[in-house]
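Shared between the two complexes below is chain A, which pairs with chain B and chain C, respectively.
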Partner chain A sequence: MELVKEIVKEQSLIIGENLARQMAIESGVVKFNSSKIDDLTVTEPNRDMAIEKLIGSYKELFGQASVEVCMNVIKKFPQKK
Partner chain B sequence: MDIDYIKTLQPEKIAEEVYKKNVELLEQRRRTEQLLYWVSELIFAVDDKYNITLFNHTAERLLKKNSSDVLGKNANEIIKLRTDKGQPITVEEYTFQGDPSKGSLEGAILTGVDQDFFVNVKTSVIQLQDSKECLITLVDVTKEKQLDKTKDDFISITSHELRTPLTIIKSYLWMLEQGRGGPMNEKQTGYLSKAIRGAERMLNLVNDTLNLARIEQGKIAFKMEQITLNDFFKEILEEFKIKTDEKGLYLKLNVGAGVPNIYADRNKLREIIINFLGNSIKFTQEGGISIAAEKVNHDTVKILVTDTGKGISREDIPRLFSKFGRLDNSYQTIAETGGTGLGLYITKSLVERMGGRIGVSSDGVGLGSTFWFTVTGVDSEATICTLIQG
Partner chain C sequence: MNKRIAFSALSIVLFLFYFIWWLYLKQFVPEPYTALNDYYADTYGIMAGVGGLIGLVVATKYGFLKSYVGKAITFFSLGLISQFLGQLSYTILFYVYDIENAYPAFGEVFFLATIPFYIFGLWFIGKASGVSVSLIGFKNRISAVLLPLAMIGASYSLFLRNYDSQDLPFNIVFLDYVYPIGQAIFFSLALLIFYLTNNILGGVMRSRVLFILFSLLFQYIADSLFIFETRAETWYPGGPSDLMFVISYFLMTMALIRFENIEDELRKRREANVSN
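And then the complex of A and B:
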């Protein structure tokens, strides 16, 4: 899922790759395939659920500011109807 | 932010504050990157190992390469520049230069994927906290170069086409003036001589324009040979003696002792001297003209043409060697001197193409002037070998 990748990438630019990766793993919706930040597989089949859990994980540590960053990424990926 | 206030904050709040600051920094960095990325000039930067650290959108577009593929690579693998003579220019030659003149290039050729580009290059060294980078800007001047070439071609073709009918006009006018078409009265002869002078001036202008176009297009071949100055000057002075005698001017030659032979194209050298002498005679009414040659160093000879004529003011000197750089552009002067305003510009181009320099000095208006240029001196067999091989 491209949107999940983009959120993790964007977060990595702000908090660094290590932290962005750790928070993404803790959300329980992704699995990293290599050391590259964008080489990941989304394990949660439900798109909305995956995004909600991922954002929640970042919000837990960094607050509302991190949610806004994620929302800006989401705006660039309009959902297909 | 107050330090006491910060101490009261929960770790989560501190993390959020730091996060917000990082978002701000990221936005600023992105804005700067976008500005550099979208400017119309090709911009790239290298570190002190000449590896690419920045590659903007214009660079991607012209070279058809993605920045992600070239970042970290050696700039010589990606940016291939050469001179108009095909000589490669490496990135080491123009980056990190203390001397600003070495850090810029004009009219270099950049190898592209489908086409090559003419570019002007400018560089600036950026000192970072513990390293330095060089920012290189390449301005695409291909269109300007093409326009220049079209203009030169146009001038060249037009001049060629004008020369033939003008030569015919001049020849028939001359025949009429000589009475070949029957007797002419004084008034008719007067009209004819004015027409001949006009045709001659126009023909000179066409010839100069044509020569200029050839020089600028690099179409003039130079046949370099060893020349003995004394013999060469005597030959030319014989022709000019008649003109100086007519005006009551002296004409002197002084080739200093120990002045070596020179290495030059005989015809071009002749053209240069004739231009200097012609100007001196035109603008000298009293006194005369002397030609001198002196040895500057083991491989350079300076030739000077000094007159006691009109002289030149200090502020006029810089434009003397420019195109149409005639000092007095009044119709009267043009009619009296018959010059085209291209002679010294052509002379300068010829001197420089033979590897010399050109200049003039004058103490001011009415105080005469000295026009000079340098040529390669041939001091020894070894020098000749080097020149021929070069």
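And then the complex of A and C:
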């Protein structure tokens, strides 16, 4: 799911790729196929659930500030995707 | 032994060493210009150098210069290293070239560099902490302009209002203006970040960011005290401002080390949530 990738990539610009990957994995909704930050598979079939869990994971780091970063990505993402 | 424990132990040992040394000077050395005082003033910068190197190691965890947090930690670390190099420069001038009272000398380049390094560090920690979101509001945008101006005005009033630059060479006048104003800028940025992110910054990073801001308060106090003592001609090696610098370097080091153990705290929080 492209939106999930964009959220992870945006978070990696803030906290670095290692921590962004770790938090994404710990959300339980993605698994990474290689060391590249955008080479991931979303394991949660429900789109809204996946995004909610991912945001919830990043929220543990900077609180609402992390949520706002994720929301900004969602707002900019084309609706049709 | 993990890195955080090793770094913390090293920093605490160094701090205690210089703190106890300072107490000894205060209690048992009545004359302020002994060799022991000089050695203190010439070496406490090691606290900053070690702290800076530790910080650079911690920054690699966040991708070094590839992320906002990595950049922030890197720039704060470079600020600490600059403080160390500044002191080292004067130490070399004194002990190797036998030049006393060399101010202003090449070492000032390093001390001056601390200011933009800390400003960049604050810029990036602010971006990571949600300052951009807070600046959407008009009131906050006004604060972002007024607070630094107010601090610069206060610094000017405290340190430069009755300043007489007559007969002083340009380089000294330049430094006498730049230091208090530059310090006011980085300190006002720290206050601004605290104000702008107070309602939005949370999670495990909140305490870490606040600790950095708190350590910069001590740096500002140390710098201001040094300027006061110098202007009043009451500064002496191993005096109060030197202790304040030791404390500020120690606090900044410990603040940077706290970014090393994010995973431990996340795990503890999750375990606490599960058991609740």
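Heads up, the rule we're going with is that the second predicted complex is superposed on the first by the 77 of 81 C-alpha atoms of A that agree within 3 Å, B and C clash if a C-alpha of one lies under 4 Å from a C-alpha of the other, contacts with A are read in each partner's own complex, and residues count from 1 in each chain.
Convention: contacts are C-beta pairs under 8 Å (C-beta built on N, C-alpha and C of every residue); 3 or more make two chains touch, one makes a residue touch a chain.
Everything numeric in this text was worked out from a predicted model, so none of it was measured.
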**Request:** After lining both complexes up on chain A, report clash or fit for chain B versus chain C.
**Result:** clash
**Contacts of A:M49 with chain B and chain C, given as first, second, both or neither** = neither
**Message:** Touch test for A:L61: chain B only (first), chain C only (second), both, or neither?
**Reply:** both
**Message:** By the touch definition at the top of the document, which applies to A:E17: first (chain B), second (chain C), both, or neither?
**Reply:** second
**Greater residue coverage of chain A in the superposed arrangement, chain B or chain C** = C
**Message:** For the combined three-chain arrangement, which segment of chain C clashes with chain B: 38-46, 200-208 or 236-244?
**Reply:** 200-208
**Asked** Is there a shared patch on chain A that both chain B and chain C touch, and which residues make it up?
**Response** 13-15, 61-66, 69
**Touching residues (chain side chain A, partner chain C) in the complex** = 12-19, 22, 26, 59-66, 68-69
**Complete:** Seen from chain B, its contact residues with chain A in the complex are 12-13, 15-16, 19-20, 22-23, 26
**Request:** Mind listing the chain C positions that touch chain A in their complex?
**Result:** 61-63, 66-70, 127-130, 133, 197, 199-206, 262-263, 266, 269
**Prompt:** Which positions of chain A touch chain B when the two form their complex?
**Reply:** 13-15, 61-66, 69
